[in-house]
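In what comes next, subunit A is part of two complexes: it sits with subunit B in the first one and with subunit C in the second one.
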Partner chain A sequence: MPILEFTPSMLLAILSEMGLLVLAGIILLVDAIGRQGSRRNLGWLTASGLAAILIAMFIWGKPEASEGLVLGGMLRHDWPAFTFKILLLFAAAVTALLSTGMKPFGDRGEFFALLVVTVMGMNLMVSAADLIMLYLAIETTSIPLYVLAGFLKGDDKSTESGLKYFLFGAIASAVMLYGFSLIYGFSGETNLYALAAGVQAQQLSPWLMGGMALLVIVGFGFKISAAPFHFWAPDVYEGAPTPITAYISTASKAAGFAVLVRVMLAVFPAIQAYWAAILTAMAVVTMTLGNLLALAQKNIKRLLAYSSIAHAGYILIGVVAVNPPPLGTASMLLYLIAYVVTNLAAFAVVVLFARSTGSDEIEDYAGLSRRSPGLALSLLVALLSLAGMPPFAGFIAKVYIFAAAVQSGLIWLAFVGVINAIIGLYYYLTILKVVYLYRSDDEDRRIAIPGAHAVALVGCIAAVLIIGIISGPWLDWTLQAVSSWF
Partner chain B sequence: MIPLSWYLIVAAAMFCIGIYGVLARKNAVGILMGIELMLAAVILNLVAFWRYLTPARISGQAFAVIVFAVAASEAAVGLALIISIYRRRSTVVADEIDILKW
Partner chain C sequence: MDFPVLSIITFTPIVAGMVILCLPAHRKREIRILALVAATIALLLSAWAYFTFGQAQGDYRFEEQYAWIPALGISYHVGVNGISMPLVLLTGIVIFTGVLISWNIDDRPREFFAFLFVLATGVFGVFVALDLFHLFFFYEIAVFPMFLLIAIWGWKVTREYAAMKLTLYLFIGSVIALVGALAMYFMSGLNTFDLLALEQAGFSTAFQRFWFPFVFFGFAVLGGIFPFHNWSPDGHVAAPTAVSMFHAGVLMKLGAFAALRVGIMLLPEGAQFWSPLIIILATINVVYGASIAMVQSDFKYVIGFSSVSHMGLVMLGFATLNKDGLTGAGLQMFSHGVMTALFFAVVGMVYDRAHTREIPKLGGFAKVMPLVAVGFIVGGLVSMGMPGFSGFVAEFPIFMGLWQKQPVAALIAVVGIVITAAYVMRIVRQVFFGKMPEAFEGKVGGVTTFDKIALVLLSGIMISIGVMPSLMAPMVETGTEIILRLVGGV
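Then we have the complex of A and B:
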C-alpha cells in the first residue's frame, strides 16, 4: 500500500509539532534550572519560540506538490491544515504574551508547557486524517485545557470553571467517540479518506449514517461551542484565567471548525443534505441565542463568551453553504482568521484592564477613554470589528460569509445573520458607551501596559486593520487553501 | 459463536446507562463514573468490530488501546480537578458548585 511508504521529507509535515514538543521541553528545563528572574520571562520565551516555529513553517513547512496523506495515512499535509496551523501558532503566541508576568501563573513553567502542548494537539487536530489520530489529537488538546482553565487553585471561580469544562468536555468526547466506533465498525477502516469509500460500498441506510453524523457533531459542537452544546462556554470563560479564556475562545474554536469541515466533507458526502440541515438549525439557534443572552450580561468576559457563541453561529453559515465550493468554506476560513485576531485584541484589553483594576465588570470600564486613550481605542477597534463594521476585519468576514449563503441559495439564512449582526452591534456599542461617555472617579489613575501585552495588542490590532483594509489577498489565500478539501 | 450484534447491544446498553448516570447523578465523582462507563462501551464496540470484521488488521485494536490510555489520563485530570474544588468548597456535589451562573 503506497500509504505506508515513508520518506524523510514527510517529517516536514509535522515540523510544527516537533518544534512545539522541543519548545515544551525547553520551557520545563528553564523552569527547573532557571533563577527566579528568568522565570518571569517564560512568556517571552514561549512567544518567541512559537514565532520561530511560525517562521520555520513558512520556510520549510509549506505543503508542496506532494500534498496528501503522510505518515501511514495518519495526517494530511495540505493547505487548509497549513493555514490553520499558522493561525493557531499566532493565537498561542499572543496568549503567551498576554500571560507574561501575570499573577499567579505568569511565571510558572508548567502553565506555558501545557499551553504549548495544547497547540501541538490542535496542530495535529487540523491535519489529522485518521479517526485514531483525530481522537488522540482532540484529547491532547482538551485535557491540558481542562487543567489550564482550572489553573488558579486558590480561586473559586477558576476551579469551578476547570471542573465544568472537564465534565462537559469529557461527556461530549465520549459521545463523539461512540460515533467514531460506529463509523469504524460499519466501514472497517479508520482512515477518513479510505472509510468514505468503505461506507459508500456498504450502501448503509441514510438513517444509520445520519445517526453517526449526529454523534460526531455532538463532540465537534462542544469544541466550537455551538448551541445546544454551548452551556459550558460562559461559565468556563468567566472563571478561567483571562489569557486562557482568549485562547479557548479563539484557537480551540478554530481547530474545532477545521475538524468539523474535514470530517463532514470526507466521511459524510453521501448525506450532505442531512448534516447541512442539522448545522443550519444549529447555526440559527446559536446566533440568536448567543446574541440575545449577551444583551443581559454585566461581566465583560461573560459577554464576550456569548458573543463568541454567536460568532460560532455565523461561522457555521459558511460550513452550511458548502455548495457550490469553494466560497462557503473559504469564507468560513476567512471569518475564523478575522475572528481570531479580533477576539484576541478584545481579550488583550480585558486582560490589561483586569490587571490594573482587578475587575471584569462592564460598569467599571467607565472613564476608560480618559484613563487610557490607547486602550479605549483598541477596544473600539476590536468591538466594532466583532460587530462587523467597516473598515475592520470583521466586516470583510461577514460580507463573504453572507455572500456565500446567498450564493448557495440560503438567502433567508443570510437574512437571519444580518438581523443577528444588528443585535450584536447593540451590545458592543453599549460597552463603548460606557467606555467613552461615562465618567468615573478614578480617571486620573493610569492603566499600566507592560511591553509583552503592548506587543500582543498592537499585533492583533494591526492584523485587524490589515485584513479589513486589504482583503483581496486573504480571500485569494483562503479560496486556494480550501480547494484541497474537496 | 455469539453473533456480533449481541456485543453491540450490550455496548449500546452500557452507553445508555453511562449517559443516564451522567445526567442523573449529582455527585461529580458519580458523573465521572458515568463517563467511564460510556468509554467502556466504546472500547467494547471497537474490540467487537475488530474481532468480527477486520481481524487481520490492527487498527481497531490500536484504537481500543489508545482509548483506554486516554480514558485513564482523563480520569486522572478529572479527579485532580475534583480534589482541587473539594479543597476550596468541601463539596463535590455539582448542584452546589454554582458560583458561575448568569
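Then we have the complex of A and C:
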C-alpha cells in the first residue's frame, strides 16, 4: 500500500486528536484560572467540547476519497478508524457527563484533562498503522487510565484498582512490545501494511509467525479483557470511580478490538487459520468463564465486569468469523457499537444509584422500581439489551454475530454463544427481579437525577432503541466501513 | 388493501403501553380506561379484518411490506392467511377480556398494563409476520415481559421460580431456532429472510432433515410439546389471571404457530421425516397431560395440565400433514385459546373470592356465581369435544386426519379425551355444586360486570363456532391449502 505524499489536507485525518489536545489545554486553563463555581461545570465543558469535536469530525473528518496511509505512514485514515473515533468520542462524552459534580473528582481539572488525553490516545490507537505509533498510542491511553482508576486517593479499593491495572498493564505491554520487536527484527519494517510483504519475503516458518502473533495477542487480549488475560478486570472495575469503570469497559475495549483486528488482518493474513484458532479458543473460554463467574456476583460493578468479559467473548466470535469477509468483521463493529451504548446506559444507572445511596450492592437495588420508575426502566432496557432481547440494540447485534458465525461454518461456535446467552439472561433477570419484585424500607426516598446525568442516560437509551429498531442504516454503515480493511 | 390494518393492530398495544408508562402512577383510573380503549381498538380491528378476510384475494391478505434492513434482505413484511387470521382475532379477544378481568389490579397497574401490552404487540407481530427476522424479533419481544408479569404480579409461592424457568425455557428454544433460521438464510443463498421466498428455496433433503428438529422443537417448546412442557403448568399457575389467560390462550399458540410456519412450511421434507416422532410425543402430551390433570388437587394446575394435553392435539394435527389434520389443528388453536382463557378467568374469579385453589376445600360456588359456573361448564364441554361446541369442530378433524395417518395413535389419543371428560366433571361437581364449606358461607360475593362481559363473550364465541363451523372452518381450510401445496400432500 503506497504512502500518500504529504498535503495540508492530511491534517484532517488527525482533526480529532488536535481538537482533543486543545480541549485538554482549555480544561487545564479553566481549572487554573476559573473560580470554584466554574469548576463544577468542567464535566459539561468536557462533554460539549467532545460533542463539538464529534460534529467537526462529521463535517470535515470523513475519509471520503482520501482513504489511505497518511503522515509518513504513521496513521491510516479509513472508515473503520473514523467509526471507532466517533464511538470513542461518544463514550468519553457520556463519561464526562456522568462524572459531573461527582465527589471528589467531578470538579477536578486534571481528572477531565486526563480523560481527554486517553481519548486522544485511543483515537491514535484505532488509526495507527505503524508499530511505533501503535505502541505510543497504547501507552498514551494506558498511563492516564491507570491514574484515573486510582483517582480516589483515600479509598483503598481505588488505589488497589489503579495499582493492579498498572501492574497487569505493564506486563502485558512488555510482552506485546517483545512481539513487536520480533516482528521488526524479522521483517525490517515497522509499517503494518508493509510488514506483511516483508515477512512473506523472508519465508519465515509458520511457527515463528504464530509465536509473534501470540505475543501480540497477549497485549491486545489484556485490553479487551479476554480470558486468560482478564484477571485484572473485576478488581479494577470494582475499585475505580464508576464513570471510569464505564469508560474502561466500553471505550478501552472498543479501541482494543480495533487494534486487534487491524493488526491481525494486516500483518498476519498468511497464518489466519492459526490466529483464528487461538482467538476461537479464547472466545469460548472468555464467554463461558465470564458468564459463569457473573452468576455468583453480589456487587453490580463486579457483575458488569464479568458480563463485559463475556461480551468480549461474543465479540471475538465476530473476529474469528473473518471468512468470507466482510460479515464477521462488520458484525464485530456493530456489536461493539451496540455494546458500548448499552453498557454506558447500565453504568449510568449504577452511577446515579450509588450517588444517592452510596451502594453498589445488588440487594440494595430492591424497590428501585418504586423509588424511581424511570431509572428502573432504564436499567431494564440496558440489561435486556445486554441479554440480546429485541427491540433493543443487543438483539440485532447478537443476530448479526451469530449470522456471521453460521456463515463461516462455525455453527458449533454459534451454539456455544447461544448457551452463553441463556446464562447471561439468567443473571440479568436476577437483577431485574430485585429491582421490580423485592421491597425495601426506603422506597419512598426518591433518587435525584441531575441534568448532566439525565442527558447522558437519555442519550444512551435513545441510542439503544434507535440501533435496535431502525437497524438498516447501521448495518449498511458497518458493512461498508470494514470493507476498507480487506 | 390500502388501510394498513395489520400494522395498526400490531402497534396499537405497544403505543398504548408507552403512553400509559408516561402517565403518573397514581392516576390508576385513567390508566385502566386507556388500557381498555386500546384493547377495544385492537379487538375491533382484528374482528373487522376477520370478517372482511373473505373479500380480499390471494394466499396472504392485508399484505404490507417495507424495507427494514436491506443489507441482509430483511423487510417489515406482514400478511395473514387462513390459519393466522383466527389467531389474530384470538389475541384481540384475549387481550380485551384480559384487561376486563385485570381491572382491579392495584399494585402498579401502570407497569402491569404496559408490560401486558408489550407482550400483546409481540404476539400480534408474530402472527402476521411474513419475514423470518420479523418473526423472531416479535417472538422474543413476546417472551421477556412474561418474566416480569409473572414475577411481580404472580402467585407469591412459586412466582420467582416459575418466571425464571419459563423465561429460560422459551429463550433456549428461540435462540436454538434462531441458529436454524440463520442456517436456512445462508443455505438458500437468496439473501432474503422473506418467508414466501424461503418457502421456494428448495433446500436439500439432508439439510431439511438435519435442521428441522432444531427449528421445530425450538419453537414447540413454547407450544408445550412433551418433554419440553415442564415450564408450562408452573408458569400458568404462578401467573396472575390475565397473564395465565394470555399465556395459555395465546402464547402457546405462538409456539405452535411458529413451529408450523417456520418448521413445517419451510422444511416440509424434514417434517415428513420427523412426523412419526412428533406423533409419538404429541400423543404422550395428550394422554399424559390429561392424566396428570386428573390427579391434581390444585384447581389451576388442573387447567395448566389440560393445556398441555390440548396443545398435544394441535401438534398431532400438524404431524398428520394432511388436510383434515391441519385444518383441525388450526381450529383447535383458536378453540383452545378461547376455552383456556375462559378456564383461567374462572379459576381467577374463584381464587379471588375463596383464596384457595385446593379443589377439596371448595364447593357450591354455582350458588353465588351462577354465570361463572355456566361459563366453566361451557368451557368443559368444549374441552371434551362435545358436538355443538367449538371443541368438536376442531378435534373431530384432527382425529380424522390422524386416523388416516396413524390409527394406533388416534386410538391412544382418544383415551386422553375420556380422561378430560373425567377431570372436567370432577371439578364441576366439586367446585360448583356440592355443599359450600362453612368458611365461605355468606362471605363470597358475586362477580363484577366486567367479569360477566368477559365470560359471556368467551362462551358466546365457543358456542357460535360450535353451532356454525362455517364461521371459521372455510377460512382455516384456505390456510391449510397453502401448507399442503408446500408439503405436497392431499
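As a working rule, the second predicted complex is superposed on the first by the 483 of 486 C-alpha atoms of A that agree within 3 Å, B and C clash if a C-alpha of one lies under 4 Å from a C-alpha of the other, contacts with A are read in each partner's own complex, and residues count from 1 in each chain.
Methods note: a residue touches a chain if its C-beta (ideal position, glycine included) is under 8 Å from a C-beta of that chain, and two chains touch if they have at least 3 such contacts.
As the structure is a computational prediction, the values presented were derived from the model and not from experiment.
Visitor: Considering only the touch criterion stated at the top, classify A:V285 as touching first (subunit B), second (subunit C), both, or neither.
Guide: Neither partner.
Visitor: Check whether A:S181 is in contact with subunit B, with subunit C, with both or with neither, and answer first, second, both or neither.
Guide: first
Visitor: Touching A:K433 in the superposition: subunit B (first), subunit C (second), both, neither?
Guide: Second partner only, subunit C.
Visitor: Which partner chains sit in contact with A:L131 here, subunit B, subunit C, both or neither? Use first/second/both/neither.
Guide: A:L131 contacts subunit B only, not subunit C.
Visitor: Subunit B or subunit C: which reaches more residues on subunit A?
Guide: Counting residues of subunit A touched by each partner, the higher count goes to B.
Visitor: In the overlay, answer first, second, both or neither for which of subunit B and subunit C A:I143 touches.
Guide: After superposition on chain A, A:I143 lies in contact with subunit B alone.
Visitor: Share the list of subunit A residues that count as touching for subunit B in one structure and for subunit C in the other.
Guide: Overlap of subunit B and subunit C footprints on subunit A: empty.
Visitor: Which residues of subunit C touch subunit A in their complex?
Guide: Listed in rising order, the residues are 21, 25, 67-72, 74, 108, 111, 133, 136-138, 140-141, 143-144, 147-148, 151-152, 160, 163-164, 167-168, 171-172, 175-176, 178-179, 182-183, 185-186.
Visitor: Taking the touch rule as given, give the residues of subunit B at its contact with subunit A in the complex, in rising order.
Guide: Interface residues on subunit B, with respect to subunit A: 8, 15, 18-19, 22, 28, 31-32, 35, 38-39, 41-42, 45-46, 48-49, 53-54, 57, 59-60, 62-63, 66-67, 70, 73-74, 77-78, 80-82, 84-85, 87-89, 94, 97, 99-102.
Visitor: Using the touch definition from the top, list the residues of subunit A that touch subunit C in their complex.
Guide: 369-370, 373, 377, 380, 384, 389-391, 395-396, 399, 402-403, 406-407, 411, 414-415, 418, 421-422, 425-426, 429, 432-433, 436-437, 471-472, 475-476, 479
Visitor: Spell out the part of subunit A that touches subunit B in their complex, as residue ranges.
Guide: Residue list for subunit A touching subunit B: 131-132, 135-136, 139, 143, 146-147, 150, 153-154, 156-157, 159-164, 166-167, 170-171, 174-175, 177-178, 180-182, 184-185, 188-190, 234-235, 238-239, 293, 296-297, 302.
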